[in-house]
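In the two assemblies presented below, subunit A is common to both, partnered first by subunit B and then by subunit C.
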Partner chain A sequence: MERGRLMLRLAFRNLRRQARRSLLTAAAMVIGGGLLIFSVSLGDGTHEDWIESGVRMGSGHIAIQAPEYAVSRKIEDRLSTQSVAAAREGLRSPDIAESVLQVVPRLTTGGLASSPMGARPVEVVGVDPVAEAGFSTLDERVVEGRYLEPDDRLAAYVGAELAEGLELRIGSRMVLTAQDAEGEISGQLVRVVGIFGTGIPEIDQRIVHIPLQTAGTWLRAEGAVTTVAVLLDRSRAVKRTAHHLEDVLAAPIAAGDLAVLTWQEAMPELDAIVKVDDLGNYMFQGITFGIIALAIVNTILMSVLYRHREFGVLQALGFTPRQTGTLVMAEGVVLTVLSGLLGIGLGLFVTWFFWRDGLDISFTWQEDWTFSGVVLDPVIVPLFRAARVIQGLLFILFVGTLASLYPAYRATRIDVAEAMKFER
Partner chain B sequence: MTETRSVTSSAETPTDRAAVRTDEVWKVFLQGPEEVQAVRGVTLVIERGEFVAMAGPSGSGKTTLLNLIGGLTRPTRGHVWVAGHDVAGMSARALAHMRLQQVGFVFQAYNLLPVLTAFENAELPLLMLGVEEGERRKRVHELFERTGLTGLEDRRPGKLSGGQQQRVAIIRAVASRPALVLADEPTANLDSATSASLLEMMEELNRETHTTFVFATHDPQVMERARRLIRLVDGQIDSDDS
Partner chain C sequence: MTTGIGRAGCGLCLVLGALSGLVTSGEIEAQETPREIIDRVDRILRGESSHGFATMEVVTEHWERSLTMEMWSLGTEYSLVRITAPRKEAGTATLKSGDDIWNYLPRVDRTIKIPASLMMGSWMGSHFTNDDLVKESRLVEDYDIEIGFEGLREEAEIWEFVLTPAPEAAVVWGRIDFEVRKDDLMPTWARYYDEDGELVRTLQYGEYQEMGGRLVPALMVMVPHDKPGEKTLVRYSDLDFDVEIDEGFFSLRALQSGGD
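Up next, the complex of A and B:
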């Protein structure tokens, strides 16, 4: 206890004695810590944005589907009316409901859209117009007309490129053809009420929204859906909420009636993009801190070599080699932790102060703000997470400890008799 | 502060009352292809409470012998016992404990840690030994008073004269009441008046505490005051007069 205090006292005073060297090293650490927080919070903000867009366009943070649907994508593998009811009931349970923002039912099938001008393969999504408007961002991308409304029956909301290909206008008629639940080919006449444009070709060519009821009747699957998509208030709660939901829905899951998928499982490409980008950030930080670690090694090692005699005195007094090494470690760790804390604090403050409302990076982009099927917002809003700050601190502590190891080892190896020679 | 903690050697002779015992101890340094025989078969007994000076020409092996006794250097051959503990067989860690408990060192200069005050320097071994704060203060203050250092407790070594620094180093060496204080040319950097008062201080401590003092020195004053004078020549004992 008192020995520990002595070690710390010696560490602090020795750092102060070499104030200039300590401050230079600390400055590197402060900048590193600041950069770490800046890049992490902006990175997390960007990813949250990607995930948010991807999730809203796609299957939500959590998708409830029939177990085989993920692979087959066929209407045969749909959720029955009872399964949908069970899923909705599960989503209303106490621990889950609080993080659920929006739930939408969707009946999706592949088919053909035809007009007098020809036919195109499409993905027809039967939606609940009101719920869908609060979930997807597609309704905000109207170029002409309007999004679906609750009273619509034979209405369709189509992408701009499909409309162009089939020469559709507001009010145009088009026939959708697909295999129904009983395996029969079945057609449905609909009228275009709105045209959207996202800038993403796959979406603008293929997606057609029609009212859920219309889809159900047409495909002879009334009350059934292929996906219950769930939007949560925070993308971080996904895993926990999914686990909760699996517990609550244990019975229907065991019966093979439904499966709970996280967005990572439902959209593995998006997950991969986020991970690759994170990896890039980690590598950048690894390199930054590698350089900082070298600065620390240099500072502490210099101080060890310069104070050879002092360590000799300590060992002559009865310090064990290990205690001598601990003293050196203490210096390195104190230096890194203090400056790391300062850097992280500074990083948090600066990022929050200047960019809390977002960092507009649109000047670096082309006109097309899309990325792998996701429409991006050119304004990055930093996201501050306590876990990340703690992670950053631990990382800095790790770097400091690692960087002090070699100098500490050198201090344990001092030949005392040699160090005490007066000529030195 | 148990003595057994520091003992790892089987050659221990706990009944040994001598402060130092060496038996045919050799130290050979390898300097490239050349062998330097710094200490050549020294056999020696120093009893508790002695006040011994080792003299001899430069290079005669005084420092090396002192370092062998204090466990800073390992013997090439032979044995060294300090307060009955065989130094040769000890691990680095056990040696450190042995030094902490049994040996105080005073070197020619730069003995003190520059970042600690005079008081903090002096109490360092006591603190490492786990002596509680009240007892530490008492002992160190008493020694400061006795050696005329009162009032300088909070000064850093850089703000003390050479003689004051050596006094603090001696206080540090004796405060833990070791069996043995090894001093390598403690007066070499001091003028003769300062040396004399320093020696007086050590004699007094030696009389009052029965701490054993062993000096390596060129200083005639030290040789005069010593009650026993060992002369080394070429790493061997040339004469040993009480």
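Up next, the complex of A and C:
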């Protein structure tokens, strides 16, 4: 303990003695730490944005479906009225309800939309108009007409490209054909009340919203849904909420009536994109810190070689080679931790001060950016997380330790007699 | 319950049948409702069962093809069509049973049930859709039928029926006009309109001749008006009515084995 404190005091003193060299080395670390925090918080902010748009377009942060539905995508694998009630009840339990923003029931099926001008394959989504408007962003994308309303019955909200292909206008008749719950092919007449445009071809061509009631009657599945989609207040609550929900719904899950899926399970593509992007960030940071580490190795090693005689004297006075090495390590680690802390603090402050309301990078884009059906917002709002700061600190500490290893090793190899012989 | 127009789509089914009790024009009473007249027309064109041969020519903007086929039908529920030429397509077969359609592809030895999403797809690349084959029997249920014109037109006494879809019927057409000759109950044409009253496609009947003891239109031409120059032509070369077949004939096994 005593010896450790002595080592630290020596290390601090040595760093202070070579203030200019220490500051230069520290500068590299400060910039690195600042960059780390900047890119991590922007990256997290971007991902949060992707996830948010993705789950709103898709099946929510958490989707409750029949176990087979994820694979089959068929109306045969739907949730019964009882399962839906159980799921809704579960979502109202105290630990879960606080994170839940919106719950929407959906009855989705693949089918065909036809008009006198032809037919196109579509995905028909039976929705609760009011709940859906608070959940999906689709209702805000109206180009013509309006979104579905609670009293609508034979109404349809279609994408602009589908409308163009089938020559649909507001009020046009359109026939939806699909296999119903009993396996029979059945048709449903609807009239277009609204046309939307998201700019994403696969959505504008394929998605048709109709009232849930109409879909239920048409597909002979009244009261049943294929998905109960749940929107949470933040994506980080997903894991915890999903676990809670699985506990609350243990009975129906065990009976094979329903399954709780997180967005990562329901939308593996989006999860993969986030992971790939994260990996890219990590690699970029790895390279940055590799360079910074080399700079640190260089300065500390130089200082070791420069202080050849000093170490020789120390060892002549009774320092063991191991203690000499430890001293060099201590210097390196103290320097990196201090400058790392400073860098992270600076990074947090600068990012927060300049871009807390979002960094608009739209000037780098030609037009709307979409990724697997998700519209990206050109304004990135950074997301600060304590876990990321701790991760950054540990990472910096790791780099500092690693960079001090070789100089420390060199310090242990000093030949005392040789070191004392010449004035350098 | 079917009408010639319904089978408009399915040119095939249309002539696949004659009726059990032959009706002559003389029997038609003036006070008959349009629905009953159409039902009679339909029954003339459809028997309890039928067996026949036809060729289909498809002309599109980019290509033309000709197919020869053999067909069987039983009532409104069952029909089987097998391509006999050209050699490349020979053996390809379509089975309709109730509301379902299966396709058999001999080259890969697979039977495919046509999914809902392909029902409006084209049948064998023609201007008829799979849905035309299935929906045929719903026509009288889905439409209100009125006589739009009755009298002399092009030197023949005709009825022109106007079919408007029932309020919530799951049909795309805004209106269908259908002309039938009074003296022999032969259909002459059917015109399909969208809701704005624009003509979308026309089915033209022609070459009326005796086949299997019935007068039938041996030629049907489907013309889509949104694709200029395109058409599908179906011409029957031989037809027999009330042949000896039962429901067992229209099985998936028969679909694969060639129906013999």
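Going forward, the second predicted complex is superposed on the first by the 421 of 424 C-alpha atoms of A that agree within 3 Å, B and C clash if a C-alpha of one lies under 4 Å from a C-alpha of the other, contacts with A are read in each partner's own complex, and residues count from 1 in each chain.
Here is the rule we use: a residue touches a chain if its C-beta (ideal position, glycine included) is under 8 Å from a C-beta of that chain, and two chains touch if they have at least 3 such contacts.
Since the structure is predicted, the reported quantities are computational estimates derived from the model, not experimental observations.
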Return fit or clash for subunit B versus subunit C, each positioned on subunit A through the superposition.
fit
Once chain A of both complexes is superposed, is A:Val313 in touch with subunit B (first), subunit C (second), both, or neither?
first
Considering only touches as defined above, state whether A:Pro321 meets subunit B (first), subunit C (second), both or neither.
first
So, A:Thr46: does it touch subunit B (first), subunit C (second), both, or neither?
neither
Is A:Ser83 touching the first partner subunit B, the second partner subunit C, both, or neither of them?
neither
Just checking: does A:Thr226 make contact with subunit B only, subunit C only, both, or neither of them? Give me first, second, both or neither.
neither
Once chain A of both complexes is superposed, is A:Ser99 in touch with subunit B (first), subunit C (second), both, or neither?
neither
By the touch definition at the top of the document, which applies to A:Ser59: first (subunit B), second (subunit C), both, or neither?
neither
Who does A:Glu2 touch here: subunit B (first), subunit C (second), both, or neither?
first
Included angle at subunit A between vectors to subunit C and subunit B, based on C-alpha centres and rounded to the nearest 10 degrees:
150
When the two complexes are superposed, subunit B comes to within a least CA distance of subunit C, in Å, of 81
Overlapping contact positions on subunit A, where the subunit C interface meets the subunit B interface:
none
Taking the touch rule as given, give the residues of subunit C at its contact with subunit A in the complex, in rising order.
99-100, 115-121, 129, 131, 134, 165, 168-174, 192-195, 198, 200, 226
As the complex stands, subunit A meets subunit B at residues 2-3, 6, 10, 13-14, 16-17, 309-310, 313-323, 416-417, 420, 422
Help me check something: in the complex, which residues belonging to subunit A touch subunit C?
110-112, 114-119, 121, 154, 172-179, 184-189
Write out the stretch or stretches of subunit B touching subunit A in their complex.
63-64, 67, 70, 72-73, 92-93, 96-101, 103, 105, 107-116, 124-125, 127-128, 130, 133, 172, 184-185
